[in-house]
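One chain, subunit A, appears in both complexes that follow, with subunit B as partner in the first and subunit C in the second.
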Partner chain A sequence: MDPIFFHRNPDPATAEGPRQGLRVALQPNLAVAGWPMEAGSRALAGYAAPEDATIVRRLRASGAHLSGSTHMSEFGLGLAGNGTGAALRAGEADVELVLDLMGESRLAAAGAAVCGFKPSYGLVSRFGLVGLIPSMECCGIMSESLGGIRAVLQVVAGQDGLDFSLPEEPVPDFAPETVDPARITVGVVGEAQHDLGVTQEEAFRSAIDGMAGAGFAVRQVSLPEWPLFALVHRIVGSVEASSAAGRYDSVRYGRRASGAKNWNEMYLLSRGAAFGTLLKSYLIQGAYFQFERYGAFEDACRIRARLVGEMRRLMAEVDVLALPAVVSGPRGGEAADDASDAPDGVYAQFALTLFANVTGQPALCLPSTMASHTGLQLVGPRLSDGRLLALAEYLQKTGRGGN
Partner chain B sequence: MLFSERVPCGRLTPDDVGRQVLLAGWVDAFRDHGGLLFIHLRDRSGIVQVVVSPEVAPSEVCERAAALRSEYCVAVRGQVKQRLAGTENPRLDTGTTEVMVTELTVLAESDALPFAVSEKAMVAGAPSAEAEQVAEDLRLQYRYLDIRRPSMLDNLALRHRIFQTVRQFLDERGFLEIETPVLTMSTPEGARDYLVPSRVHPQNFYALPQSPQLFKQLLMIGGVERYFQLARCFRDEDLRPNRQPEFTQLDLEASFIDEEFLYELVEELTVKMFAVGEIELARPFPRMTYAEAMDTTGSDRPDLRFGLRFVDVTDVFAHTDYAIFRQILQRGGCIKGLNLKGQSPRLSKNVLQNEYAKEIAPSFGAKGMTWMRAENGGLESNIVQFFSAEELEELRRRFDAADGDVLIMVADPSYEVVTSALGQLRLHLAHRLGLIPAGSFCPVWITEFPLFDPTDEGGVTSSHHPFTAPDRTDFDPTNIEELLALRSRAYDLVVNGEELGGGSIRINNRDVQRKIFAALGLSDEDVRERFGFFLRAFDFGAPPHGGLALGMDRTVAMILQTSSIREVIAFPKNRSAACPLTGAPSAVKREQLAELELLNLGGQDLLPGTAEKEDWIDRLSWVSRIGIGAEERSVMEETVRRAEALAALAAEKAGGEKPMYSVVPVANRMRPGIEARRSELAQSGRLLKNAPSTKGDYFRVAGILE
Partner chain C sequence: MEFEAVIGLEIHVELNCTTKLFCDCPNRPGDDPNANTCPTCLWLPGAMPRLSEQALEKASLLCLALGAELQPRSAFDQKVYYYPDLPKGYQLSQAHLPLARGGGVDIIDEDGSPCRLRIHHVHMEEDVAKLVHEMEGRVPISLVDFNRAGAPLVEIVTEPDFRAPYQAMEFLKALRTQVRYVGASECSMENGTMRCDANISVRPRGTTQMNTKVEVKNMNSVRHVGDAIAYEIERQGASVQAGEAVVLHTRLWDPDKKATLPMRAKFEGPTVPDPSVSAIELSREWIERMRAQLPEMPAARAERLVEQHGLTRDEALSLSADPESADFLEALVAEGVAPRMAMHWLTTQLLPAVRERRQGLGTSPVSPVRLAGLLHMLAKEEVNAKAARDVLAQMFESDRRPEAIVQACGFSQISDRGALDDLIDQVIRGQESAVANYRAGQEKALGFLVGQVMQASRGKANPKVIRELLVERLGA
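Right after this comes the complex of A and B.
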């Protein structure tokens, strides 16, 4: 098995364009015509994509080179079995695309000591993406340099006639802009620091000191309902996943289990064999809410409305939020191997990142030079992606951001 | 109020005009004509119009009447009057009379109805309620209201009439109605048993009878000679339309009789039952051997309301040059066909080739289907050029084909494939071409079934049950070929392609019975264990006997020509074997299970609440169609346990906000410049490239029913 790529692009040719020379690795959940697209699941075993995803089409048109697709966890849920970051580390790609369901692109970046960015929800087309949680997921971007992230975002973001879920909003400007630190307030969320390990806490404090040192106004802010983000994500996420995974029926694609006496058995057997235990327990959890406690799903959506409202109020007071990304553990983002088969273990890892998926805000994770496998998360209001990148670039330029 | 004076609503006639009457029943419908109130009052006997007029009724009666609503239960007193000319209602049997109310008592009020009960419009042309438009589960949930509908009540009344006919007839013929136990012993029969745990004998179970088969034979050994019972039977079978977990069968058995006695008896009984539904059946019923039925219709329950009998043309092609037929015949196969008389204009070449030959016949298991149209004194088809003139001429002769006829043929190395596929084609074509005359009933006895079927392991198994008498007793129980050639003394009564019942003459000789068990490969010990108590009875002088069981729900449904058997059962289960009215089947309290000592059944110590969890896992696995392996169960249980806690927390924390399903506004989005068209991927067939199984332009899937 190729340790870096699930599928290596044999074709070096690229189109002429502004991103010529940029090498992009992606996950096998983005359709590239003719490439295997198994999304880490037996449910899509042997699937060859019939056409390009919108992201892929735009990247190709810009002249970027697709290096290949990396190994990934089943449908991108969590980081177990994920080879994310390996292509960057090995110098085989300049940018990696990683599906961000609850913070995967950011935690993987923290683990690989590179930058990881989850754009605003609704900014990047999901046409041709094998997703799992439609109202929260977004294709994340990882790169050693913020410039790499910007270079890809500029190409792939924006309306897409093929993705009907994209809102009709003006696309923000991602061009570099000047930052005046004196006019920027950084909010530090107190509740997000409660369960940090010692290393993580020190690294985070040092990063905040660095920002203050760079001239930003730093303010403590409070989100009393912080623990409810996980509750909402777990309920809404699992319900949407259970619904989205309904399409893996062994009729149109995938592998069909043999020996089914009838249609229902065909589903039961094929789907039973297709999904791994972690995903299965997530889908069963979603089925529980859907079929046995539908009220819980609606309750979670009510809480989601309240959390989004609270976040909006908070973002009126500060320009950007700063939070740690990794809860604890020496190997942080890579600790996925330890995750259990039940969703609990996965959710515990992503406790500090999943809120941005609930609210749809852009979230950037910068690597820390002080301690490996920690990272500083910067989060802005929806559609402030360009500004967030500019601010982080300023921090890196002054040598203080998260370092 | 003295209900003893009560007069049935539906029985009022013009002779009653002038009489003071007391009526009681339900408000079927009402119409208010500015103070003058017309009410359709309904009881079991029918409907009569009662009129509340301020000129006749005291004012408090008028006030009470104004508050009436559908299905209030009321009693009224008043005088019978001839309706004015021109105001008669021809849809009511009592349509020329009405009752002028002077007293009105509301016996009980009714809530708003979940569906309309009334079936009789008050004015001409007004729509009346049609039960078919109401969801069946809703009808079953409020079955007591559904039964108030006259058509449903009629079904039950006619069912009663048919049952009474059975009882009276069999009583006249000397049959005794004897009940057999419902709590009985699990016996190895076709379907799964419903089990009932015993409290007195912990961890032991009764089984509900799948049929009273063993008991009725014991009654014969007991010297009852003639027995019958309208018996409730239970089978825990997979869901199928027109099946019920519990059903009623007419079970009868007689001693010192032969097949002819039963044919005569059951034919006369069937004629009487169908007469209740004003259906005349001609006697004697035709008989067909199993072999003939398979040979000519491809089914052991042939629908004889139309022709389309098979013609065997295997020998016509004995020396054919047509390679496909030649190869099939070399492999010992056969070729059968049928003639669709004069159907050529309705079966185009396109329909025959692209629908029937390419799609429908293969879906019935045939590898292909050959069709020919009789034209200009010859035969036309896409393959006639492969046949000799003699073959084509002989075909026309065999099928008695005239111009305008269509011949279809199925050829296969397997006789079963040919008859099964052609039999299904026969039914399919008969339905499609409307060849089945409405309102006709064609009973037939099917006889001489094979006694044994071959098993995959090279042995034999009983095709009916092991107590069925063979046609001869001098067989060698070790000679499989001889065993498979044995015929049974069993018979099925089939009407319009539906098996209404069946039975057999039983074995009463110990030695013959022993030979049958030997043929089945059962050791003495096996036999004792499985049928011990029953066989012991045969050691005490068993008389020759035989009998039959008729599915009464199915029979009544056929006589009343209802859309399903649920229409002739007062409180049926729905299609998922549940009762929407009572909620059965339901969970039981743990205390009940504990009392029955069922908590630790199978030696598994279940923790409190685990049983419900397991149940959940099974249910969630089913609704999400995801199989769960035994090794995954504990993870799933933990997940569901956590999910319960999450649901409770969400309920506690949720406020009155409007639920937010997406962080961006959800809107209908028009994408200008995109036209509705068939996707290129579909057009080029690339869409099918990833499918695990396809057929032509379609995805191939498993059958919807077994």
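Right after this comes the complex of A and C.
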């Protein structure tokens, strides 16, 4: 098995265009016509994409080269053993696309000491994406350079005649902007610092001090309902996943189980054999809320709307939120591969990142220069993606922010 | 104890859109299996639904035709269930926020009194695939045809206002007429473009409780709906009399056995909001634009036919139930044909002739202009009624103008007194006893003599003129 690529593009780079020379690795959950699209699941074994995803079509048209698709966790849920970032580390790609369901692209970036970015929800087409949580997922972008992230975002963002779920709103151009620290207020989320280890806490404090030193106005802010983000994500996310995974039936593709007495048993056996432990637990949880606790799901939807409103109010007071991003659970510094294969473990691991998937805000993670597996998360209001990139570039250029 | 039935209907109408509900595939379920499919309606990984504007418009017209109120905001949900005809595991349907609420259909009840049957709501949904089971051969196999998958459906859910099979049948007929009027569907139960499920429960007459209902499916004509409901009322009444509890389940109507047979426990899966189809927001302006597209509806048209053209109420109602016939009648009248004559010829001559030839009014070679030409000649007594019927038959065979057919075939009516005088002379000479009888006061004999002259003219004489001439000649 190729340690970096699940499927290596056999074709040489030939396309011309503004992104010529840019090498992009993606996950096999994005459709590239003719490439295997297994999304890390036995349920899609042998399934080849019938047509290009919108992201892929736009990248190709810009002249970028697709280096291949990487290994990934089942349907992109969590990071267990998927080697995200390997193509960047090995110098096989300049940019990696990583599905961000609850923070995967940001934590993988912190782990690989590169930059990771989750765009605003609704900015990037999901057409051709094998997804799991439609209302929260977004194609994340990882790269050593923020310029690489911008180069991809500029090409892939924007309305798509094939994805009607994108809101009709003007798309920013993401061009570099000048940053005037004196005019920017950074809100440091208190609730996000409770469970940090010593080195991580130091790294985060040093990043915040650096920003204050550069002239940014730094304020402590509070999100009293912080724990609810995880709860809402878990209920809404698992319910959506339970529906979304319905079509991954292992009957029309994947491996159909043999020896069943009737079609119903054939479906049950096939699905049972196809999905891994984490996914099964997650889907069963979603089915439980769908079938048995629908009221709790409705509550979660209502609370989600409230959290979005609360966040909007907070974003009226500050320009950007700063939070730590820590790989593998706030308490430890273990490697990413250690994640539990139970939803509890995965949710603990992404406790600091998943809120941005609940609200749909853009979130950027800069790797720390002081502590490994640690990063600084910057989160702005929806559609402030360009400003967020500019701010991060400023911090990198000036060596501020501990990054 | 006397029982009464409480009945509600769920009617699925397949919209006659060019494409499916969420993709651009042709909406032609009858084509070769799986000819009209794409990643979206095969529900393949990565495909996304894109709501058809035409489907939204047709569904909205249908709602307005039924007096239902279009909602400013509606949305699609996932109706979760697993079955091989729905391999993605959920059907997109508007479960929580339907397209329209309220409305109803007016019928004339069995006892002749007007009766309004209310609609609870109308929602859109996608159809599922079709399963074909091949039981012959060593291993029976089931095949899935996705041509129908994603076809645009509208479901009309009524209030439990119905008490008798007659009401259900009248409701379906009136509903069908109204939906056809706005051109949203053919509404053929025989072809499956209109499907009706009935929810039926019984209770002691005079009480208001809602008892456990039974769902009955698989009726493929309006008649079957009536029969199935009647059977089910009888069956439930008997079982309650016998002290058995009615259990919530689904039954299938078997038209051969003329009975409902149990199918399965009724399954209600969860419905969760779909995150990928945007909510539908209808502005007031958009709704008004739709309303402006509504044609004159059958009830209004019947009223106008009575007032404007002097048709009887029954004539007007039956005519307006079929927009094609009503259009034809109004076209004849616009050509200057007297409404009564137009009505008479349309219903007693043209419609049977068209039906006999298995044609439609719109597709038959007898256009309103051509028929009007013939009826003008009849009105001016240039042909008589018998000849006009023969000419009509010939009009189906050639596209010549009726005047030309009359000329060529010598159908012209003889009204010229000089030409008729000779014939009358012959008959008076040959029928002495009839002449004597008439002169003796037997009026009947005159009819016989008129008939004799008609025969002598080989049907071409004008009977009115003959009668006048005979009275003149014999009365002297």
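In this section, the second predicted complex is superposed on the first by the 390 of 403 C-alpha atoms of A that agree within 3 Å, B and C clash if a C-alpha of one lies under 4 Å from a C-alpha of the other, contacts with A are read in each partner's own complex, and residues count from 1 in each chain.
Keep in mind that, in the parts below, a contact is a pair of C-beta atoms (placed from the backbone, for glycine too) under 8 Å apart; a residue touches a chain by one contact, two chains touch by 3 or more.
Treat the numbers as computed from the prediction; the structure is a model and nothing was measured.
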Handout entry: When subunit B and subunit C are modelled together on subunit A, clash or fit
Key = clash
Exercise for the section: Once the structures are superposed on A, label A:L129 by its partner contacts, choosing first (subunit B), second (subunit C), both or neither. Expected result: second
Exercise for the section: Based on the superposed arrangement, let me know which partner A:E265 touches: subunit B (first), subunit C (second), both, or neither? Expected result: first
Exercise for the section: Examine A:D299 and indicate which partner it touches, taking first as subunit B and second as subunit C; both and neither are also allowed. Expected result: first
Exercise for the section: Considering only touches as defined above, state whether A:A48 meets subunit B (first), subunit C (second), both or neither. Expected result: first
Problem - Partner chain in contact with A:A31 - subunit B first, subunit C second, else both or neither - result: second
Problem - Contacts of A:R312 with subunit B and subunit C, given as first, second, both or neither - result: neither
Handout entry: Touched partner set for A:R247, first subunit B, second subunit C, both or neither
Key = second
Practice task
Considering only touches as defined above, state whether A:A39 meets subunit B (first), subunit C (second), both or neither.
Solution key: second
Handout entry: Dominant toucher of subunit A (residue count), subunit B or subunit C
Key = B
Exercise for the section: Check the residue A:V239 against both partner chains and state whether it touches subunit B (first), subunit C (second), both, or neither. Expected result: second
Completion exercise
subunit B and subunit C footprints on subunit A meet at residues 47, 50-51, 135, 161, 164-165, 167, 242, 246, 249, 251-252, 263, 267, 291, 301
Exercise for the section: Would you pull the subunit A residues touching subunit B in the complex into a rising list? Expected result: 46-48, 50-51, 121-122, 135, 161, 164-165, 167-169, 225, 228, 231, 234-235, 238, 242, 246, 249-256, 260-269, 271-273, 275, 277, 280-289, 291-293, 295-296, 298-306, 308-309, 341-344, 359-360, 382
Handout entry: Complex contacts: residues of subunit A adjacent to subunit C
Key = 31, 37, 39, 44, 47, 49-51, 53, 126-130, 134-135, 161-165, 167, 239-240, 242-243, 245-249, 251-252, 263, 267, 290-291, 294, 297, 301
Completion exercise
Per the touch rule, the subunit B residues reaching subunit A in their complex are 616-617, 619-629, 632, 635-636, 638-640, 642-644, 646-647, 649-651, 653-665, 667, 669, 671, 673-674, 681, 686-687, 689-693, 699, 701-706
Handout entry: subunit C - residues contacting subunit A, complex
Key = 39, 43-51, 78, 80, 82, 84, 87-90, 142, 269-270, 272-278
